[in-house]
Amino acid sequence: MDRPVDAPSLLIVLEAGLASTFRRRIRDRLESLGTQVSVLDGQGRNYLQVEGDIEPLRTLALDSWKGVEKSVFIGEAHRHGSRVDSGTHSRVSVGDVTLGAGEFVIIAGPCAVEEEERTLRLAASVASSGAHLFRGGAFKPRTSPYAFQGLGDKALQILSRAREETGLGIVTEIMDPRDVEKMSETADLLQVGSRNMHNYSLLKELGMTRLPVLLKRGFSSTAEEFLLAAEYILSGGNPNVILCERGIRCAAASRQVVLDLGIIPELKKKTHLPVIVDPSHGSAESYRVPALAKAAVAVGADGLLVEVHDQPEEALSDGRQALSPEEFKNLVPELKSIHQIVSGGQHVKQEGLISAPGGEDI
Amino acid sequence: MDRPVDAPSLLIVLEAGLASTFRRRIRDRLESLGTQVSVLDGQGRNYLQVEGDIEPLRTLALDSWKGVEKSVFIGEAHRHGSRVDSGTHSRVSVGDVTLGAGEFVIIAGPCAVEEEERTLRLAASVASSGAHLFRGGAFKPRTSPYAFQGLGDKALQILSRAREETGLGIVTEIMDPRDVEKMSETADLLQVGSRNMHNYSLLKELGMTRLPVLLKRGFSSTAEEFLLAAEYILSGGNPNVILCERGIRCAAASRQVVLDLGIIPELKKKTHLPVIVDPSHGSAESYRVPALAKAAVAVGADGLLVEVHDQPEEALSDGRQALSPEEFKNLVPELKSIHQIVSGGQHVKQEGLISAPGGEDI
Amino acid sequence: MDRPVDAPSLLIVLEAGLASTFRRRIRDRLESLGTQVSVLDGQGRNYLQVEGDIEPLRTLALDSWKGVEKSVFIGEAHRHGSRVDSGTHSRVSVGDVTLGAGEFVIIAGPCAVEEEERTLRLAASVASSGAHLFRGGAFKPRTSPYAFQGLGDKALQILSRAREETGLGIVTEIMDPRDVEKMSETADLLQVGSRNMHNYSLLKELGMTRLPVLLKRGFSSTAEEFLLAAEYILSGGNPNVILCERGIRCAAASRQVVLDLGIIPELKKKTHLPVIVDPSHGSAESYRVPALAKAAVAVGADGLLVEVHDQPEEALSDGRQALSPEEFKNLVPELKSIHQIVSGGQHVKQEGLISAPGGEDI
Amino acid sequence: MDRPVDAPSLLIVLEAGLASTFRRRIRDRLESLGTQVSVLDGQGRNYLQVEGDIEPLRTLALDSWKGVEKSVFIGEAHRHGSRVDSGTHSRVSVGDVTLGAGEFVIIAGPCAVEEEERTLRLAASVASSGAHLFRGGAFKPRTSPYAFQGLGDKALQILSRAREETGLGIVTEIMDPRDVEKMSETADLLQVGSRNMHNYSLLKELGMTRLPVLLKRGFSSTAEEFLLAAEYILSGGNPNVILCERGIRCAAASRQVVLDLGIIPELKKKTHLPVIVDPSHGSAESYRVPALAKAAVAVGADGLLVEVHDQPEEALSDGRQALSPEEFKNLVPELKSIHQIVSGGQHVKQEGLISAPGGEDI
């Protein structure tokens, strides 16, 4: 065999005592689909080992075939995002900032861009507190069509001003495949929100660019589905994907949303892509944000996406979960200290290098 | 007051013993947002009743305001899809077939369009068994980019042939806002799948047409979110929306999907739109489909969307949950009998009228 | 082989290219646990087929063993509740009433027993409307220790009176293993509530009796867990177990509870035990109860457990979901008609036989 | 008013334009239940403010009363576990160890007690690595009655030996109210598992003792339900309750279990009881345990309950999620470092005092 020893294969457990004519029929059908099949003789029953291009077989209902007791896929489907060996992590550059390189990267700003002056003040504030990138929504996906939908093009202009004034790269959300070109003029990192994790037209469009993409996990998406959504971008040729856990739906959790921090070590094991955490949407209420932000660092995330607003209670979107600029400023040093511990102190130097002007190094 | 007696209003419960200066401040802010505020004196605490255009206040974090104990919205936000009085249900016409008019409408066909001959054979079969519309996917939203994505344009041609041969209207899924014009040439009813329930660019595009739209509930969407997604289409001016329950994510359910039949009476109470059920995706395995299809009729749905495939175990998409043509044929008369009972026998005549050639009337 | 051809077995997929010394070590450990192991030679990798008493191996973390790629259990664990062949369904007799015999059995009454006069009036009312058994809680498991906990022993006396007056058998809930003897004097059918589905001390105690037990599914229990909870009673020697679906937790469902009707065909396939549905707890609001009750009949349940209260809004427990006696009376004939259709008309005669005095036969 | 300013009260929003006779009737019924009612005149509608003993009203379906638009409870039900003012946290002593006093307490050991020698070796190992208490199950609540149920009384003897040899207090699970006396001879801290969080007979029995109780959150229990379960013990007179988050059911999470770390800041806000985290059951797989353990410290928990086994792959219960003694030993210093940061360094001294022999102080 010259194929990789860990190539996925398929084992079919035949029913006990299955007649050989049935076994023959199953074997023929599998081979007609382009695979190589060998028969294994067991006690009381036989098995078929299937090799070759087995990917198309994943969508067939093999377990419903007459004579099949069970089908067992061994090894995962090939993915661009898979970790090929244990030492590899990819890095995604957003302007001067690199995610996945050991540094802990903080993206902060309001949920939605509102007035220009307020936005610029917030950008300056989070920059001086240690944020590495500035976030702000121009086009907002809102559950209700009657809710504030974002300032749109005007917000993009404001965000450009914020970049000029602070030097921070801009993170903003894209919702429509027809907007890629326009948005890319302003955004350094394009966010795909939870509602669009399954919007394959949008993902494919982004896959045809080389723009850095921040992909948020869907409201009730599994790790596997999340990785396969990333695959829509990666398989198009764009390697610049950052994953973001933001809380999933759960009946027992407060406000029915739970931040699934356990997915961070899982994603770190399964993919080489950088993984960050949004503790704001995952908190639903701002008093929980600092604790969950610290937990996100401790669990091994590569960065944070956090909402900051100077009058959270009056924010036009998701104010309930935003930190005040002062709360954010107090939080950053603690995050850095924890990151130093969990990264074994080896990233101290980079920490110093990437700290924003005025940030408090430790 | 000349505003409707049931217009939504807002009541703010102030903290017990709140100083009047704080109360003044809260009142001023509410009025500056364009509302009318009156103070109610209670025992030990006061309340503010807020009238006027309170919709924008729904997005503010009022409960976080200093001095506010709790905010209570009374009455639901205005929606085009709301039932204005108890007697009204809207009807949506798809070619000759009308949904929401008391008849029980059956949409059947394969998950994805595969070979032409097979597709035409299936269409003829479901037509003779009593289906009113034919479904088949041309563009398939698949979790993995490496899974079968549908035959695309070729499938649209096959579907057109199926309509010519059987007379059944065509139901197929749309995923991209740029495809509306193309798809509308073939489809009599455009389906928006669960993955795109939150794809607002697509919904808005459909809102600008008058094409009948079949909107499926998202994987973990509440009734309220489902209705607000419909609102994106309705508020654009397109009244032709049909809602479809298809199962939601739930950890304890088998294969983590549960068909939420309890949402049918709830939607019937809250909206005038027709509501149908997809027992195939809600079943995950075909042996459960007939039982759940019957339950869907009994619970009061206006119709069914059901997968039928002549070799379910070899289907390129979702074969595990498809009925065989024979199982489907056996099921239809039972569905009609149950519908007759739950509709009080008043739709007997229409039932007779709309039954497809060869259908067994009872 | 003289063991049954469908006895569960275990297949172990070894890592590709695993050294024979490792294989030997795994084989030895499995055999030391009392199993028989045979080696299958595949392409590039080997497999171990394990026979004999494999049940204890289910609790080991086989997939973590060095050299093991995957472990695959074939066939289900032996269970007393399993269906051994397709034709067998067990019947459970509760006084004169038999569940699982093809009749559709209705258990109705208030959530909790309140005043004696009201309770007797309700019992008479549901009896004349067609209920077969009367339910009422004496000891109530309440989320809060400060909520109404039931009238206790006094309620048991009232229930005895209700049986004397109406002839209906009594269904009431048991919570404490020390109460079995006392409760059995009054109750014809002992209910174990969702909160106690995992209370193994209670289940084992009931397993040592022959009392009919109505076991409700836990708030977030899977079908497998539900069947294994029944197994605690069955394996103790008590065959008289009736299963009851009552809704499970789900974030997207209204009030976070969804009635999982899809479990009915699944349980019917996996177990010979009678299965009924509680549409009241599964509805959360009474306007949804009639629709879900009809769906429960249509989906194939053997009976219903439904709450009826003459002043639902003033009930001391779960009033929101109770039907009024009149609503219940109107519902019963429709349930019977649907049952006649889904049971193929073959149970008409029994229906007549078991109908309570004054019940409307169809 | 001499009642506390923050006593819970109830506000009833009447329907717009409700006739005064209806209002009178509602008021009379509320007063007949022992409350004081005052009418507030609003614009177009009136409100009733209800004071006094409103607790019993929580179980009535007030929203279903004719003429009632909405009922709004203000303030939470009284609870022994509530935080009365922001500065108070209670401490629970388990032998020499105190939970809730600022120290981070580690409880470690195998899921189930197996052989004596292995158990004593594990106890010695976790003691030297820095654990403060030793855990081990004698009676195991298992989903299947055919799975290993624990060594029972023999395990209790082994645990007593472990305490003698290591000096560590013993934590073990209780399942039956009849076992309290027997278990209390061995256990320093009695664990109530997730399956029994709603076993009110057991909780009440423990409420009549003064034994420290470790109460684990139910599989799908909300924070409110969790606190009310604790209330069953507290209201009986036993103040020694420690809460433990252990992961909840969630369809999208890996293996359908997600560790809800966001509940820690929420519980810290709502209750004065100590709160710890079990990252082992919340992880499902051991490779995620260290990351989630660190996150649990960072989020503000008072301690950890962690499984350690010397041959995790051969453990008779839950081996998949156990750490090896070496992994545990390596983890402890990192946990301490993070705890020092999040506790502001103020607990350095206690940390030093309670560190076990051989533990690495920082």
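By written order: A, B, C and D. Residues from 1 in each chain.
Note that a residue touches a chain if its C-beta (ideal position, glycine included) is under 8 Å from a C-beta of that chain, and two chains touch if they have at least 3 such contacts.
The shown structure was predicted, so the numbers you read here are calculated from the model rather than taken from an experiment.
If you take chain C and chain D together, the chains in touch with both are A, B. Interface comparison, B-C versus B-D: the higher number of contacting C-beta pairs is recorded for B-C. With respect to chain A, maximal separation of chain centres occurs for C (centres as means of Cα atoms). Averaged C-alpha coordinates give centres for chain B and chain D that are 40 Å from one another. Rounded to whole angstrom units, the spacing between the C-alpha centres of chain A and chain B is 29. Rounded to whole angstrom units, the spacing between the C-alpha centres of chain B and chain C is 31.
Shown for chain A are the residues in touch with two or more other chains, namely 218-220, 249-253. Put simply, chain B touches chain D in their complex at residues 1, 5-6, 9, 11, 13, 16-17, 36, 38, 40-45, 47, 49, 51, 69-70, 72, 74, 220, 249-253, 256. Of all residues in chain A, only 218-223, 248-254, 258-266, 269, 282-283, 287-288, 291-292, 294-300, 334, 337-338, 341-342 touch chain D in the complex they form.
Partner chain D is touched in their complex by these residues of chain C: 55-56, 58-65, 77-78, 141-148, 175-178, 195-196, 198-201, 218-220, 224-225, 228-229, 231-232, 235, 249, 286, 312-317, 319-320.
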